[in-house]
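Chains: A, B, C and D, in written order; residue numbering restarts at 1 for each.
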Amino acid sequence: MTMRDRYEAVRKRSLMLAEPLSDEDCGAQSMPDASPVKWHLAHTTWFFETFILERFEEGFAPFHPAFRVLFNSYYNGIGERHPRAQRSLLTRPAMREVRAYRADVDARVARLLAAQPGEELLHLLTLGLQHEQQHQELILTDVKHMLAQNAMWPAYMDSALARAQAAAPLAWIAFDGGLADIGHADAGFCFDNELPRHRQYVAPFALASRLVTNGEYLAFIEAGGYRDPALWLSEGWDRVCELKLAHPLYWQRDGDGLWHEFTLHGLQPLDAARPATHLSLYEADAFAHWMDARLPTEAEWEVASAGVQTAAGGLHPAASHGDGLQQMFGECWQWTSSSYAPYPGYACAPGALGEYNGKFMLNQYVLRGSSCATPPGHARASYRNFFPAGARWQFTGIRLAR
Amino acid sequence: MTMRDRYEAVRKRSLMLAEPLSDEDCGAQSMPDASPVKWHLAHTTWFFETFILERFEEGFAPFHPAFRVLFNSYYNGIGERHPRAQRSLLTRPAMREVRAYRADVDARVARLLAAQPGEELLHLLTLGLQHEQQHQELILTDVKHMLAQNAMWPAYMDSALARAQAAAPLAWIAFDGGLADIGHADAGFCFDNELPRHRQYVAPFALASRLVTNGEYLAFIEAGGYRDPALWLSEGWDRVCELKLAHPLYWQRDGDGLWHEFTLHGLQPLDAARPATHLSLYEADAFAHWMDARLPTEAEWEVASAGVQTAAGGLHPAASHGDGLQQMFGECWQWTSSSYAPYPGYACAPGALGEYNGKFMLNQYVLRGSSCATPPGHARASYRNFFPAGARWQFTGIRLAR
Amino acid sequence: MTMRDRYEAVRKRSLMLAEPLSDEDCGAQSMPDASPVKWHLAHTTWFFETFILERFEEGFAPFHPAFRVLFNSYYNGIGERHPRAQRSLLTRPAMREVRAYRADVDARVARLLAAQPGEELLHLLTLGLQHEQQHQELILTDVKHMLAQNAMWPAYMDSALARAQAAAPLAWIAFDGGLADIGHADAGFCFDNELPRHRQYVAPFALASRLVTNGEYLAFIEAGGYRDPALWLSEGWDRVCELKLAHPLYWQRDGDGLWHEFTLHGLQPLDAARPATHLSLYEADAFAHWMDARLPTEAEWEVASAGVQTAAGGLHPAASHGDGLQQMFGECWQWTSSSYAPYPGYACAPGALGEYNGKFMLNQYVLRGSSCATPPGHARASYRNFFPAGARWQFTGIRLAR
Amino acid sequence: MTMRDRYEAVRKRSLMLAEPLSDEDCGAQSMPDASPVKWHLAHTTWFFETFILERFEEGFAPFHPAFRVLFNSYYNGIGERHPRAQRSLLTRPAMREVRAYRADVDARVARLLAAQPGEELLHLLTLGLQHEQQHQELILTDVKHMLAQNAMWPAYMDSALARAQAAAPLAWIAFDGGLADIGHADAGFCFDNELPRHRQYVAPFALASRLVTNGEYLAFIEAGGYRDPALWLSEGWDRVCELKLAHPLYWQRDGDGLWHEFTLHGLQPLDAARPATHLSLYEADAFAHWMDARLPTEAEWEVASAGVQTAAGGLHPAASHGDGLQQMFGECWQWTSSSYAPYPGYACAPGALGEYNGKFMLNQYVLRGSSCATPPGHARASYRNFFPAGARWQFTGIRLAR
């Protein structure tokens, strides 16, 4: 695919994700960690305008001077920002104007691409598209969180969610360990946090063949998992007590005691065979503890993933089928026990783009794999996703290790 | 005017107020105290459905069962409520559906009205319309607050705000005091908190002939009013320090030090002749203290208002002109020093409607008069508006007393 | 009594109140609203040093320059203050040094008194002694709150609390109302908030002959009083839900379901005949609502108190006995429905002493009478005590009105 | 040394640390993270009573049944706990009683020791003593924090703090890296978090020969280090902005602009040659960034420490002198970039003692070495101290790496 085709495909997909939504849906924000869809559509455009057009376009003038502030996410190097928790108050520009903003920037990028783009421009465009793909995943998780606050349980997509067959039985797959090279290796794109490739010593270990299912997680609940402090990290137990947690984020029981799960297809009966998802690291760790297992380190996960094909999912994690190592990609991000830290020798880029990853390497934990919401083509074995231990609104699940 | 005409006029006016706004504008909520325009449009309709249709319509069925919860404001007697601070997350129902909800309820109310309505129905309809008029004022103040969070300073109405002539000079108008009957007297509608009419002893007093102007308030600022604790109530001074307050809510200085005021017409140069508005009781009291004056009690205000005609305003308070007691109605609500308390002998209605006023009679202060945002025909001398001392997003101003 | 004798008596009584306590007890602070006993002992001394010695003593030098900051409560006019919530961190000066501070200031005041003191000095000394008496009451209520946080339920005074006889039956005593003069009248001392004496119109009313008892309040609890929002002011109901309130501050049930009350004599079985105490205005109002009664206004209370003798109490409110209007003084402060506001014509003193009362006249409610913790000789009919509606650590009770 | 001698020595040292303090000093608590000295003295005793006497003493009866709750720190397995933030409210038991509690438990432990103690008892006693030594360090850091809230700047120890010579110049010491065995190796005591010893691959690295000095840190401040977001981790910069941080915890400038540092010897002029201390990980990381260096990993630190002798300090970190790797022990704990995580194969003890370390392995960072406040004999190369990234009240400093 040419850069031009890739650019068009990725940019079009973002708008496509907004299609089932009204302008009202696109403006709402359910918590500071989530953003309105409109904001995602504008911010990803701002990224191209700020880091590419401003640098490579002759006679650059911004589409609208206020957008520099309104749609800056967290780049101190670019200047002021609209407060993160108040993005739903940006009723102006309207969705219509944001679409015009996207079209304008796209046309200008197309002009740059028509004129023999240099390597740096191509690299920044690739970064911009990868960045937009990250926001495509957030569009789905953020809108899910927003819809879940509405007692009418509106669906993002009205189509039904098929009841899964039984899940494949859980098997343990052993790995030898030893010295391993960790980090991105091939010539394709990667984020700076996947570099440099470096050596680690990994002791022998085993991974579960698939993700933990709703049925297994329900057994944990029914065994009193949320009432036994001995299973929990101290911070996790504090959270359980403070928020009176008793189940995953989108689970609820109806009047008859039957469990349901809110999904992008609306409220659905809980499907025991599908992976348990929307779990915090606290929950993942407590469940593992209860199973006399543990979470993998990110190095273990990466070692195990050698040769596994990536896969893309739908709007909800699907049940496992088949033998061997399953569900590494395309269902749920998998919590690791590894705190998000720079690889030895890591150096972040100079200037504002250096704020992309490095400054977040503290008090967050690495998730590996990809989820059903990850755009096709975005996943790879060395990818390091990261969230605070308490985050539950992403499609996060549990891969056990020993 | 017949009830039918009044009903239609009031209901139509609410939609008219939403006309300059997009669906996105109508969905946003800038703080828990303010509500989205869409919510106001739905809640006022819910009021008619819940307190009138449910009671008087044969074979009543709700327009949508979930709306009972979604659009209940604070009536414990009705049951569960959607959380107040999260009203902007109700992207469903859409504006379109809320319009349909309004049309449906209006048609059913029209049918009730066509069939010789009894006195209680007429009373409840009047209450419902007065209630809707209260929300019409909130539509303007809430949307103003929301637009003010956007650094693009969008106007609700693009028309210009004319520069006022100089304000009339401030004069003191004396009143004799003595025994006075306070509270609603005539046969027209009033809220329960205006009753019963009762006797009070009022000592001789004087009122300022007009509201305090922006020019006068600016002098207070320039004299260091926001830096001198001796002028402030203790709670007010704590607020000044905590929020670093230094001017009224919507004032700001540009890069050249010139003062501007955000209005429903957008950002405007500060007009010295217009009334100072969007002030807390803390600020009103401190200013009065600085002027060696005080705020009136609500009894004094009501005594003084005898014979004064009500007036309706535009989208921003206008400067005073003429002699005698000016600006009692139609410009800014006027803080009094009276805490909001039941009149002697007050009894609130039975059932859920009894929650309309009585349960709020604590830690709030009475404002008298009306503002530019008050709907025509809604103001009267015995009207008791009330807000916590720190509220600033209403059109609140200062009437001095001695 | 000469001023010298009065001075000695009051000053000695403060130390006497600290006698049952260890230095450790005297240093602790259980919440920002309460202060350590040591701080009370030092602050009352600071008051004499700052407002009297500094002004009248020739060649004045402070006992310790840092004390000006450490023991200033809330006087902006005096300058900086040690943070209120951190008074327990003032382990230095030690109790021993605070006693020395008291002795030093007392000796210097005695020298001033020996030299023909003028009227202003005498007035300020009286104010200082009244101020110290106010803190004597706080010493008891603050230390009670502190001891109540300790699961060992330590007693301030080990002596037993006798079980009361049955309370006198509740009768309603009628008053005619009419024009009344309210506020301090005679030549004795009063605080500025009791002035000026002024006229009010009071409608006919009736007062309960005695305070509400524990037995009566328990009936309210058992009838579901804490679970029915219809009984509560909106703010009160929010508090009930947020803090899960279900009984007065110091009540608790043991494993057998028997009610106990923590007192200055330690944990005691609940005595049905004694007055219910440590109630918020929210609770008092809800109880009155449940009884189809209301709380009195402060004017009604003052009218009713004409001719009633003040009385001083012990360490816990005693049951009523006898006929007529009982328990106006010496048992529990009585919540009124009157917000704390300046009397018409009120003027606060110039300078820092003007901060004594006026700046607190907002969002607080007046309590009348006196409590068992009020020092002998400190109570009078025109006295205006005041606290926020949610305060419960004072000896506050309920006098019903109709 | 026999266990008996060791027991006596350690237990005596805790009381010795309280000697310069009054009972009032020993009762105060300046923040939830810190505890009153009295509580430390009681809790360490509770540890012996609960984990040793209760298990090994025949006919065990607790010294006081309430102490089980009052002096439990965080062991869910033991049951209820007095709220952590309210430990200063435990004015009872008095210091005198806590001393009696210590003496009683000591006598009973002595009896156990007299009767041929088994291996498990000896192991638990060792653990109890190591635990008590940890609290000895906290006694000093907690009391320092408490005294620092008092504007009189009281000293823990009145003796002077000598002005240091110039610090040794900073040199870089290179290490080869390679496969290394990390974790406790010899037969002596270690905590469970130092095990199991395991293999890691460590790339070649260099460590600074000594800690960062006050002079160097001051240069960072003067170069605008606290005003440049590019130097900071995102969470650190948020903290800087929110708390308006501009210098280490105990630094302050006097009226002449001269820097002082609050120490256990009281307020002292800042000594440029001594190590900078009381720094958060945020500050350590930003400083390292500014120096184009980084913080070491805990594995690097442990590799480098091979063969280094431990050392014990005074009441404040001393300046470096001499060549080679200096100040690894006895001055400041050294922040590493390693998040606190279980070593591969880590298993925590069964029962309540398993709560000692494992449940805290999240969102905390490892510090290595020891500080001036660490008791003699308590330090070792494999020791893993840990605190949240924002903690500043420990003696924490900066060791740079490359």
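Operating definition for what follows: contacts are C-beta pairs under 8 Å (C-beta built on N, C-alpha and C of every residue); 3 or more make two chains touch, one makes a residue touch a chain.
Predicted, not measured: the structure shown is a model, and the values here were computed from it.
If you match contact pairs by residue number, over half of those in C-D turn up again in just one of A-B, B-C or A-D, and that pair is A-B. Separating the centre of chain A from that of chain B, both taken as means of CA atoms, is a distance of 45 Å.
If you average the CA atoms of chain A and of chain D, the two centres end up 37 Å from each other. A separation of 58 Å divides the Cα centre of chain A from that of chain C. Under the contact definition stated at the top, not a single residue of chain D touches 2 or more other chains. Under the stated contact rule, the graph of chain-to-chain touches is a ring, a single cycle where every chain has exactly two partners.
Of all residues in chain C, those touching chain B in their complex are 74, 76-77, 179, 198-201, 203, 229-230, 232-237, 281, 285, 337-339, 341-342, 344-345, 354-355, 359-363, 389.
The residues of chain A lying in touch with chain B in their complex are 22-30, 38, 66, 69-70, 82, 86, 88-95, 146-147, 149-152, 154.
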